[in-house]
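Just dropping this structure here.
Labels A, B, C and D are assigned to the chains in the order they are written; within every chain, residues are numbered from 1.
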Amino acid sequence: MKEAWGRWGDADERGSLNHISASTIRDAAGLVRQGRTISLAQTISPSLPVPKSRPGIMHFMGRDGGDYAAGRRRPGGFQFSDDTIVMPLHAGTHIDGLCHCWYDDTLYNGFAATEVRSSGAARLGVDKLGPIVTRGVLLDFVAVNGSPLADGYSIGAAKTKAAIDRAGVTLQPGDAVLLRTGWQERLEAGGDVDFDAEPGLDVEAGLLLAEADVALVGADNFAVEVLPFAAGTVFPVHQRLVRDYGILLLEGLVLAPLAAEGVSEFLFLAAPLPIHGATGSPVNPVAVL
Amino acid sequence: MKEAWGRWGDADERGSLNHISASTIRDAAGLVRQGRTISLAQTISPSLPVPKSRPGIMHFMGRDGGDYAAGRRRPGGFQFSDDTIVMPLHAGTHIDGLCHCWYDDTLYNGFAATEVRSSGAARLGVDKLGPIVTRGVLLDFVAVNGSPLADGYSIGAAKTKAAIDRAGVTLQPGDAVLLRTGWQERLEAGGDVDFDAEPGLDVEAGLLLAEADVALVGADNFAVEVLPFAAGTVFPVHQRLVRDYGILLLEGLVLAPLAAEGVSEFLFLAAPLPIHGATGSPVNPVAVL
Amino acid sequence: MKEAWGRWGDADERGSLNHISASTIRDAAGLVRQGRTISLAQTISPSLPVPKSRPGIMHFMGRDGGDYAAGRRRPGGFQFSDDTIVMPLHAGTHIDGLCHCWYDDTLYNGFAATEVRSSGAARLGVDKLGPIVTRGVLLDFVAVNGSPLADGYSIGAAKTKAAIDRAGVTLQPGDAVLLRTGWQERLEAGGDVDFDAEPGLDVEAGLLLAEADVALVGADNFAVEVLPFAAGTVFPVHQRLVRDYGILLLEGLVLAPLAAEGVSEFLFLAAPLPIHGATGSPVNPVAVL
Amino acid sequence: MKEAWGRWGDADERGSLNHISASTIRDAAGLVRQGRTISLAQTISPSLPVPKSRPGIMHFMGRDGGDYAAGRRRPGGFQFSDDTIVMPLHAGTHIDGLCHCWYDDTLYNGFAATEVRSSGAARLGVDKLGPIVTRGVLLDFVAVNGSPLADGYSIGAAKTKAAIDRAGVTLQPGDAVLLRTGWQERLEAGGDVDFDAEPGLDVEAGLLLAEADVALVGADNFAVEVLPFAAGTVFPVHQRLVRDYGILLLEGLVLAPLAAEGVSEFLFLAAPLPIHGATGSPVNPVAVL
């Protein structure tokens, strides 16, 4: 039995989202003061960098304005365009489903890994999550550090506490905690993307957030946690947070525009696409100020 | 020049979303009382019905629990699954971008249809919209009618006013108006889906909503408007609302659970994926009560 | 140990193709008299019928003439079009790889089924086959029967011998035996395709061909063997021929034009695409008369 | 009117393949002496290099042995695997359809470029070609040169004549001429692929082959012609050969194994997949010795 297993019943497939209560949502709605929305998502396109181990994004037009320019008929005057996307579900800004990673052949809440087959995840699919509406908290490590963190920079518990202090908030159960490392901004500035090195959380800092009963940990990097991993470990923060605590991870956030607002808490919204048995979903998370 | 062209400047690519002001968002946030979220989206899967003219959805696992059961190595103990989706962007619950349809070779706000090519829409792509946070208003035609509307049932202006009266609300600029016809519920009950017939808006009713300066018109059917079309017309509501008024259409909603709550107004959220140059986006719209 | 296991060594991944010797190829080339080619393949398009359990075909243009009509630049005068296909590998006219089916968790030649994972088939992939050049023999059951065979018609050993007699040939090791049932022609005539019923081989007839050391059994139906299956069995001919004899199956052939030539033997060519670890490949098989 | 336009009628969509006569095929079959086949194709996989402007290849298993290891049921004992490929049609070893490139808005034989739209090519699609069976002639520039040609090396008419002399053959109408530059072998040796530079034909050499009435020009590089282009030109050989002469180009060949045989002429087979309206097709071309 791991930390959060059985905490919400043996059949639970929503993990840490259970920390979000009705009052959490009501209080979060009360944070809206300016009446402004800020998207936290990267643009999705074939030029979006993806790790070499994953296929890239394709976007195809099935009909477009060129077809009409080339003489296509227009019954009833109607003209239209449409399109199809081919998209790996862990590219760009996306949420990791609770079936995305595990160890010892067992998923969060004790489900067998054999529930996840070519036909999709019979348990813990991203379609089980539902929309996420809660308080968002921005931890701005770029501001704490004075500059974007370097690749390989390991964010530990002390640094995390410092960022919480700087934010001037007390973490509450159900919070969506968003970590700004500066990685995304460096990426946007051009140059090749190295998916093998990034600043991010170490295990101790991850557990600090998990023990605070947060609902979600997001970051402006590729994997939330620091890369390369500590010697002998592979995605240790994923292993502990996703599988043992049932915590949702949100990767590839764009946080600089939000950070520029100087606001630490806000209404946070993210609605994963209910893709049956999927291990993740692209999302366009929103901060409402 | 059509009704809304130039209203927000010659370069505008967001159309009726401009009706959503800061006070609209603040007021909408104030509607949150229960602290509950309701997803308005269909589950996405290969078995989701799509019109014959569109490709279906594919979902592929690139790694899964079966691979480990078959002996795959697990460096550092880490195990994971991931997946890729092939998805037409006008399937299931989705928003139509303003570049999705037009007539006379000209799009909303006077942009040339030739801006929309195989490489995507250089203008009016769904990536230009940004997140949608506003007041949602449910118009429950099933309740007004006493039963789900029949295929081919044309919702006119009088019926629309009756539904507004029943809802007990006054339409405001920036509203997201959601129409429950009962089509989706009949579909869920099984049986073949006929994408050539559905209950929906007629042009007059569509214009009634457009002139009320709503931001978005959604429905629990495939095309918002009634099918089959009036003789000699093809998607006349799309032509007028999308191209002339710049109004966002949201199709394939699941509204029965929301209707069961007996609430007519609520905080409405929908965040299209910022797919570069896309003509539409799947969304998981949310009502927060 | 099954019939053909170990026959060509423990590492063999080409099965019955080993029956094709240098003299087989030389003799087959000697059958070319008219100097004419006949394609035996169906056209590949999104409208190609596929079983409900498989995704359909998609074909997307990434650039086309419409783009230039819409004003796209043409550096150096050069204009082009290109495209991408999304294709299930067991649709239309295709060859089954030896890793495509099995029983008792063991593939042809004793390889473990766990060699076939999400990353593809480490053993017996279609890329191991190489081009197929041999004598083709047409067994025309439509001619023998006097009309196309009915769905569910089971072709037994006696009927098979009758068709061989009618062809006036003696089966030789390495032959590609092509069975015309008339199913494809009925399909082309329109109407819905029922992938649950077709005329085809029974097990006894399949074994008759297998014991004759043929290299390949092709047919103008969906599964070579009769559907529905005999009670209590599922794809029994596939189980025996592919897994126990290592015989290549070729499905979805178009054989009416070849049958119209009145020629029973010919140079036969089929070159599977060498897709790494794939379980099948679309092919355009050719008869050269 | 260009060189080959109208030569085989105004409706012709097969271009230079018309040079292949019955006697061409019969004579080619007569070249089979050893009874051996050599595949000239690259392996198709997600790791196949493609130019940055094109999407890569994806290969997905829809069912595999891991699923059974994870406990999937096996009705009637039957177990199977299947898969789907996502493949740009101008990747790896492929044939260019006659609709693939043009200039002045007009395709081979005078067809309008507006025939090529999002729905595919209504004219000159690769499905119009049919199987290619003819004499193959290997021109081994690596042997002539003494080593693989350098990137940017321009093969002119004199060099081409020297290679023909070395081969000891006289070009005949309908020949499939295959050019070995050594590019592919260098590529296979590892290292990054540079699709902007390769050895290949110049225009004069291309015209020399075209005027010899060859049916097809293939090469072991990415574009048959030399890259970078002569100043002010873009794919000049493509423009002239495909559009003006209707000549089929075959790119990405693997020719080293064939060259090692020391044979200059052989039976050549290539059967494009009949993809409706496609601009190209992957092929597994075969030399039969």
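Please note the rule applied: a contact is a pair of C-beta atoms (placed from the backbone, for glycine too) under 8 Å apart; a residue touches a chain by one contact, two chains touch by 3 or more.
The model shown is predicted, which means the values in this text are computed figures rather than measured ones.
J.: Following contacts chain by chain, what is the lowest number of steps it takes to reach chain D starting at chain B?
T.: Between chain B and chain D, the shortest chain-hopping route counts 1.
J.: Rounded to the nearest 5 degrees, what is the angle of the rotation relating the C-alpha atoms of chain C to those of chain D?
T.: Fitting chain C to chain D on C-alpha positions yields an angle of 180 degrees.
J.: Under the over-half criterion for shared residue numbers, do copies chain A and chain D use the same patch or different patches to meet?
T.: Mostly the same residues.
J.: Provide the C-alpha centroid distance between chain A and chain B, rounded to the nearest whole angstrom.
T.: Taking the average C-alpha coordinate of chain A and of chain B, the gap between them is 24 Å.
J.: If you average the CA atoms of chain B and of chain C, how far apart do the two points sit, in angstrom?
T.: 44
J.: Among all residues of chain B, which ones touch two or more of the remaining chains?
T.: Expected reply: 55, 58, 61-62, 64-72, 84, 86, 113-114, 116-119.
J.: So that we know how the chains sit together, what is the shape of their touch graph: line, ring, star, complete or other?
T.: Drawn as a graph, the chains make a fully connected set, so complete.
J.: Residue numbers of chain D touching chain C in their complex, please.
T.: These residues of chain D touch chain C: 21-26, 29-30, 32-37, 39, 41-45, 54-55, 59, 61-62, 64-66, 68-69, 74-90, 99-105, 112-121, 127, 130-131, 133, 229, 232-236, 238-239, 267, 269-280, 282-286, 288.
J.: Flag every residue of chain C that touches chain A in the complex, lowest number first.
T.: Within the complex, chain C touches chain A at residues 58, 60-62, 64-72, 84, 86, 118.
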